[in-house]
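Pasting the structures here.
Here come two complexes built around chain A, the first alongside chain B, the second alongside chain C.
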Partner chain A sequence: MDKLKIRNRLAKDKALLWTVCLLATLTAVPLFAILGEVFIRGYNQLSWSFFTEPTPTAYRVMKAIEAGTPIPGGIANGIIGTMLMLGMAVIFAIPIGILCGVFLAENAKNRYAQIVSYLTDLLQGTPSVIIGIVTYIWVVVPMKGYSAIAGSIALFIMMLPLIIRSTEETLKILPSSLKEAGLALGGNRARVMLKVQIPAAFGGIFTGVLLAISRVIGETAPLMFTALGCSFVRFSIDKPISAVPLLIWEFFNDPYLQELIWGASLFLLLFVLILNLTAKYLAKKWNQ
Partner chain B sequence: MESVKPILEFKKTCVSYTKQTMAVKYVSAAIERNTITAIMGPSGCGKSTLLRAVNLMHNLYPNIRVDGEILLNNENILSMEPIDVRRRVGMVFQRPAPFPTMSIYDNVLSGYTLNGIRLSRNQKEETVEHCLQSVALWDEVKDVLNKKGTFLSGGQQQRLCIARALAMKPDVLLMDEPTSALDPIATAHIEELMQDLQKEVTILIVTHNMGQAMRISSKSMFMYLGELVEYGNTKDLFSNPKDERTKAYLTGKMG
Partner chain C sequence: MNDKLYKILLFVATLTMPIVCGGVMYALVTDAYDAFEHFGFFKFLTSSDWNYTDGSEQYGALPFITGTLMTTLLALIFCIPFSLPVALFVGEYFNGTKIAAILSTVTDLLAGIPSIIYGLWGFYTLRPLIMAFDISPQGSGILTASLVLAIMIVPYAASLSAEFIKMVPNDLKEGAYSLGATHAEVIRKIVFPVAGSGIFSSYILAIGRALGETMTVTMLIGNTNNIPDSITSTGNSMASIIANQFGEADDLRLSSLIAIGLALFLITAIINMIGKIMIKRARIA
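Let's turn to the complex of A and B:
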């Protein structure tokens, strides 16, 4: 009698375990399907020149088609543009985001902080196309032209809530004993924050920054309104500039350049993948 | 004994978390220099709350009110700057909390770092060696000073925290159940250490463990429901408690 009951329970346990495993596998299928598709289509396009040459001109494309050789050129202009805009956005988003996160974590009961925290959530949920069009009105129109600056401002606005949130959350989960121990030694709040709390939370904050970068690196819509695109490598920040996701869109619209889509996509995907893995690894290492 | 000038004096000290309830009610007591005073009592009797009032930890939480006076060398702590008070009153917490990102060496010196005081290399080395020696940790860690503080065992971490507090040369050292998270051997180490330390510093220790209070302290307080019920020489308090509540607690009928 008892034995039967136990066997029954064990069988149920096994059934549940298998169901969970099956569902978990199912959710992983789309991810691996995407990775596989992009990898298979993209990896034979990757070559040294793909990273060092800009988008081919129409003339070079015609020549190549006439000669029957593969489409020349690459995405150097996009990579440079993406890095430039990302760099500018990160330089401003990190200090502002961390300071704001510190404020929110330290004043959790303050009414103003609660409002800011709520607005941060709202900003995080704002569709990127809206951020793009607003940045267009704010920056592109007064500056009378598309520019890398405008693009980086759009990316900055998108990164900010992610960095604020990760800083706030990481600081909040630190044991309060750490802060109290610092203050008990006679440190003022700013010093304790700078020397004890932020270093202890560094892993989480850094992970947040990397995730924010990987989140915005693939943004296309806001850059269409702000950076516009550019077919050659350019380093000036007040002129239109290209970006990898913009190039993917351009390649898609140009029947002669469609071969380049998958290489660019693969590059973007690998970049995000590496960023995410680095973030995971660092977070783990820091917590040891 | 009456002639000894107290280093720390509570005068009608009250602490309240809300308007209606007081966690510490009108505590008055004088703590003598270079003694160990144990604060005992059942959970929730306000002993930690009283202790944390001494280094103004309650200032961190705007809802908590501290009234009355607490005199440190005849100066009212409650009207002093928290930073000044905390430099003179060190604290060791229940759970060892070495700063996780700092090495053992930097942990000992963290009080100086946090106060923005610069030390010469010689002063640093001297302070680290002296403080670690006075907590009997020097021989165990002198070769691994660059490792993180969290790499040590629980008992070693707690001694490191004591060293860190001592490095600031405080007048008073507050200890909030410093051994409750430690095993018996580490506890014995720390108790032994406190006996030596009382030559340098006045210790106020909150403890759940009556045996510990008996072993280490010369004076004891018994608190119940926020009141200071009894305060006197540890020997007298344990052998001949005057109050019924103290008797009940000591015989295990309460708490």
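Let's turn to the complex of A and C:
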């Protein structure tokens, strides 16, 4: 009887282990399914002209389909738009984010800092579509039109909490002796922060910035209400502009352009995954 | 730079946060005011009409609130049987080994895939499967959206749960082993009770993510403005109705969409706040 009971318990133990292993492995399936599908359907569209030409008109696509030639055009307008908006967002988000992170790390117990910290959480959890609505109300309505500026403000708001948190957390895990040594040598707080603490925390902060970029680069909903989209390459910041995820959304909704979905998706996916892996590698290297 | 200037600089930078968050609230409330005034606050939230024919305009948020709750709840149900094993795999069975590091990299990458690509995959791969198995004739709907949402929130729930499972003190587990407990019994009687509140809070945060997910749901839910009567029928979530109609809306319809946005903002803010407070408590305990 006892033997049977023990055997039963051991069997249950084994069963749990195998179930956990099986289900955990199954979780990896969607990643490879998505990667596989996007790669197989998209790789033959990637060519030089795909990156240098803007979106084709429906007319040109129809002609190409009739003639049986590959679909012309590419996503140059989206790549330029994404880089322009991301660049403007990053230029403001990095200094402001780092300064806020430094403030939170230095004044952890201060009442005002706790409020800022709570607001950072609030903003980080806010759905991106809401950020889109708010930027529309703030920027698009007063400027009387969609623009690259509006898009980059939306991206800026989404990046900010991510950079603040990573800066704060990295600074908090630095040994306090580092700061104390700097102060003991006669440096004031600003000098110690700039010359000792920030350089020591650089790896962590840089990783945070990379992750923030990879998080917002694929955002579509907020750009739909702010940057709108544009079918040719454009560098002006007060006019509607395109972005890679916006182009994917356009291709998805336009039966003539559906062929182009996969090339654009493959480009976006590879970019995001490489950023993620680089960030992870740097974080690991920096932690050693 | 002297200390005083440094402190002022930091303080001025942090003013961004109250300004942005206050601005978000202010913009949503003032622009949603029209809809609430016209239909009444509770009437707007409980009415199921969504009619934008000129002259007989009638807007209510109930179909979309229902759609959001259904997709989120279903996504949570589908997510648990996968995220919990991943958390146990990474945090308990293979804690610290190379294979655990590989699995957590895989889940991190899953979290990094843009939602529009999840939507494409759901539309071109999952939707035909749903049709092939005759689960629903049109393929898109609450069920399809929830399945993809579930995959998207697994990484969030799993990595946070694993963190709490790793924090379970070793002496507790070793005590149970020395009394003759099997690994499964240690997990059920020690790990789950000790890490339970932390694991629970990680699912609250996963819900917070699922509530506001926009593009995936918009591409898969079917976009009809009725209250979904079963899990295979089509509908719209709060985020997806905004994504679908915001660009073409004006006046009262625009205000109604912003009112839905305000409601969504408040719901996610509350859920996230509860989650964060619970996590803080679980970390201290």
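Methods note: the second predicted complex is superposed on the first by the 259 of 288 C-alpha atoms of A that agree within 3 Å, B and C clash if a C-alpha of one lies under 4 Å from a C-alpha of the other, contacts with A are read in each partner's own complex, and residues count from 1 in each chain.
Simple rule for what comes next: a residue touches a chain if its C-beta (ideal position, glycine included) is under 8 Å from a C-beta of that chain, and two chains touch if they have at least 3 such contacts.
Computed from a prediction, not measured in an experiment: that's the story for all the values here.
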Exercise. Thinking of the overlay built on chain A, is A:Phe202 touched by chain B (first), by chain C (second), by both, or by neither?
Worked result: first
For this session: Scan A:Arg191 for contacts with chain B and chain C and give back first, second, both or neither.
Result: both
Exercise. So, does A:Gly229 touch the first partner chain B, the second partner chain C, both, or neither?
Worked result: neither
For this session: Check whether A:Gly73 is in contact with chain B, with chain C, with both or with neither, and answer first, second, both or neither.
Result: neither
Problem set entry | Contacts of A:Asp121 with chain B and chain C, given as first, second, both or neither | second
Exercise. More residues of chain A are touched by which chain, chain B or chain C?
Worked result: C
Exercise. So, does A:Gly182 touch the first partner chain B, the second partner chain C, both, or neither?
Worked result: first
For this session: Name the contact category of A:Glu37: first (chain B only), second (chain C only), both, or neither.
Result: second
Exercise. Residues on chain A in contact with chain B in one complex and with chain C in the other?
Worked result: 188, 191
Problem set entry | Residue ranges of chain A in contact with chain B within the complex | 175, 177-178, 180-188, 191-192, 195-196, 199-200, 202
Problem set entry | Interfacial residue positions of chain C with respect to chain A in the complex | 1-3, 5-7, 9-11, 13-14, 16-18, 20-21, 23-24, 27-28, 31, 81-83, 85-86, 88-90, 93, 103, 105-110, 112-121, 123-125, 151, 154, 158, 182-185, 187, 208, 211-215, 218-219, 239, 242-243, 246-247, 257-258, 261, 264-265, 268-269, 272-273, 276
Problem set entry | Of chain B, residues touching chain A in the complex | 55, 57, 60, 82-84, 86-87, 90-91, 93, 95, 97, 99-102, 110-111, 113-116, 161, 164-165, 168
Seminar exercise, completed: Per the touch rule, the chain A residues reaching chain C in their complex are 9-10, 12-13, 15-17, 19-24, 26-28, 30-31, 33-34, 37-38, 95-96, 99-100, 102-104, 106, 112-113, 115-116, 119-123, 125-134, 136-138, 157, 160, 164, 188-191, 193, 214-215, 217-221, 224-225, 245, 248-249, 252, 261, 265, 268-269, 272-273, 275-277, 280
